[in-house]
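Next, two complexes with subunit A in common: one pairs it with subunit B, the other with subunit C.
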Partner chain A sequence: MISLFTAEGLAGLVFLFIVAVTIGGALIAVNSIRLPRAITGLAISFVGVAGLYYFLNSPFVAVMEMLIYVGAVCVTIVFAIMLADPGDEQRVGRRSAIGAPVAFGVGALLFWGLALLGINTMWPAAAARVSDGSVKDIGHSLVTTYGMVFELISLVLLLAIIGSLVLARAGRSKS
Partner chain B sequence: MILSEPWRLLVFVAGIIAFIALNAAYLVWLERKVAGHIQRRIGPKEVGPFGLLQPLADGIKLMSKQLLVPKGVDPLLFKVAPLLVLVPAVMSFVTIPFSEKLVARNIDIGLLMIFAFASVNVMGLLLGGWGSNNKYAVISAARAVSQNVAYEIPMLITVVTMIMLTHTMNLNEIVIQQAGGVWNWHIFANPLMPIAFLIFFICSLAETNRAPFDLGEAESELIAGFHTEYSGMGFGVFFMGEYANIIIGCGLATILFLGGWQCPFGILPGWWWFLAKVYFLIFCVMWIRWTYPRTTLWGLLNLSWKILIPFSLLILLLTGAMIKVWPLITGAS
Partner chain C sequence: MSILNLSNILEIYLAIAALLFGIGVYGMLYQRTLIGMLISSELILAGASLNFMAFSRFLAPDPTTGQIFTLFIMGVAAAEAAIALSIIIAVYRNYKSIDTEDVAGLQG
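For the complex of A and B:
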């Protein structure tokens, strides 16, 4: 038993808090009726995930998680909802009778499979990791090992930009 | 006295919150004084000498007011939104170096972290506007977001240019590189940098919703924008967040371009230089606010997409060429 007032004890407490934030945010996102609240829950969950990354000693990924998922994805979603309908009672679809049991079944199956995988896999020892997750390492592997993937992602983004430009331009007349 | 790390951090965060609150109060006073003198008035003068006690009176007034939650708002989001504006600002201050030693946490990716938290700020405005269930607030939030998204791009491109020049995202190291006098500041590093500074400054004006880009709270058309429905400290916290963001914007401009806590003559570097430069920039922000009329939404978005983004991209390209191609031509290593 580790005492609470040591470095390990505090770290464990912080870890539990981060996990609670992640799961709590996800629960809010799934269970709330109003869409803006659900997105707030999603944002809270993302902050929790960023905390997990920070806890795993990769602050760069944590910061990127905040920047991209909270700052860009969530804001885009809220913005889309806002443009769609500024009415207040924007309720999500009706519950069906078989929805909950099926969802529970799928969730349990996933949990069972992942747990089995996690237990049976031979995990490499901590010392065998390839890099220390610093910005320099990530940058190096992005332009060397994963250069192709990096370029492909930029192509996908370019396509998305061109596509949205075409869509936005479609409704416009020359006048 | 040397404190252990958690306690040191706690003391720093408490200090940062006090700094933000005091600054919000007295920047309002300064804003009213500057506005008054620019418009040939005196500004606040009744409460205390030069009206210096006015912010305290205003603060007590705000705190003693009822926090009214109107019917029909989303009570939870309505209360959370002001905090979502203020808390990221407090987090950003954690990594801003006031002097070489006076920094709560010297993080290697500090620059990136500030932008990560600054992007959460928009979320607060959006949820505040949405949660208010008020048409003016919703329009204002939509404007604020389209503005923030548009101006984040040139700002980040300029910052990428700076990172290429400095090779680090650690704010303290960026300041240390600029030691030794005015001519070593990054704004004079090469002929492109003054333009980059201008772009950065304009973008930080727009990001903090300041005039002439304060379309989000254009009082003549939108009452008070996203904080129309807020009363008492709900409004007060929004205001504190706004002024904290102005300090962060001016602070970043100071750190990236104007040498941070370095002295212009190379003697006695310290937090006083940092604060002097920051307050000078804040004064410029106010000066601009009371000099220029508000732009239109079209003008605002056109300025970003058609002028600032192409120019910042050009600066990025030229800086890259200067760093990589120029040494090849001249044969220097």
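For the complex of A and C:
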């Protein structure tokens, strides 16, 4: 039994808080009718996921999660909401009446099945570590083992930039 | 095993990842607008990344593998978000709406 007033106990308390932030933010993101609220929930949820990454011994990925998701992806979606404002008067009417229970059922079934699978499986014992997963090791792997993938992802990002510029330009009038 | 020791258990992370995935699928079916569905797909990707990170922390011999895979998932997700948002803006120009019920030009 860990006491609450030790470093481990406080870390456990912070972990519970981070889990609550993650789940609560995700629920806000999917249940909001107004899109700005949904995007705020998504940002909150990603802050929580970054905290979970920190607890998984990878502070570098946690920082990248904050930078890329909270800083870039969410802001980009906010810009898209600004450009394509859906005028929130008729937002009340949802899908057909059967839609929400079916969606909830499918989501709950997937969660139940996946969580049960993860908990009931006897995972093999951890193998011997060949590295400790530090930032230095990540950098070494990125330029040696995963060098080809690293180059390819930069190509994918370049194509995405060009493609999104072309797509967003296409419907604009020539004036 | 006390409730304050949960951050060192693999199954807890798997359950959280499964919950994020389930919430994402629920939102994908429940949300009506295209941007809402994009937000839900980001949640699904977050659940998948969390699974990779948990296995790489607890079971893998080389913990860098999962972290690098998660970084690549982030890169692909950023590209996907950029493309999807420009498609949404193009759709909005044509239909003056991002509601999935209104974008029915191919309906027979």
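Definition applied: the second predicted complex is superposed on the first by the 141 of 175 C-alpha atoms of A that agree within 3 Å, B and C clash if a C-alpha of one lies under 4 Å from a C-alpha of the other, contacts with A are read in each partner's own complex, and residues count from 1 in each chain.
The criterion applied here is as follows: a residue touches a chain if its C-beta (ideal position, glycine included) is under 8 Å from a C-beta of that chain, and two chains touch if they have at least 3 such contacts.
Fair warning: this is a prediction, and the values are worked out from it, not measured in the lab.
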Task: First, second, both or neither for A:T40, with subunit B first and subunit C second - done: first
Task: Which superposed partner A:G147 touches (first subunit B, second subunit C, both, neither) - done: neither
TODO: Spot which of subunit B and subunit C makes contact with more residues of subunit A, would you?
DONE: C
- [ ] Figure out whether A:P59 sits in contact with subunit B (first) or subunit C (second), or with both, or with neither.
- [x] first
Open item on the list: Looking at A:V75 after the superposition, I want to know if it touches subunit B, subunit C, both of them or none. Which is it: first, second, both, neither?
Closed with: first
Task: Partner chain(s) touched by A:L114 [first = subunit B, second = subunit C, both, neither] - done: second
Task: Common interface positions of subunit A, toward subunit B and toward subunit C - done: 60, 64, 72, 79, 83, 86
TODO: State the interface residues of subunit C toward subunit A in the complex, per the touch definition above.
DONE: 2-7, 10-11, 13-33, 35-36, 38-40, 42-43, 46, 49-50, 53-54, 56-65, 67-68, 70-72, 74-83, 85-90, 92-94, 97-99
Task: Contact set on subunit B toward subunit A in their complex - done: 6, 72, 74, 76-77, 80, 107-109, 112-113, 115-120, 122-123, 126-127, 130-131, 133, 135, 138, 141-142, 145, 149, 169
Task: Residues of subunit A that touch subunit C when the two form their complex - done: 1-2, 4, 8-9, 11-13, 15-16, 19, 22-23, 26-27, 29-31, 35, 38-39, 42, 45-46, 49, 52-53, 55-58, 60-61, 64-65, 68-69, 72-73, 76-77, 79-81, 83-84, 86, 91, 94-95, 99-100, 102-104, 106-108, 110-112, 114-115, 118-119, 123-124, 126-133, 137-138, 141-142, 146, 149, 153, 156-157, 159-161, 163-165, 167-168, 170-172
Open item on the list: With touch defined as at the start, can you tell me which subunit A residues reach subunit B in the complex?
Closed with: 10, 34, 36-37, 40, 43, 59-60, 63-64, 66-67, 70-72, 74-75, 78-79, 82-83, 86, 88, 134-135
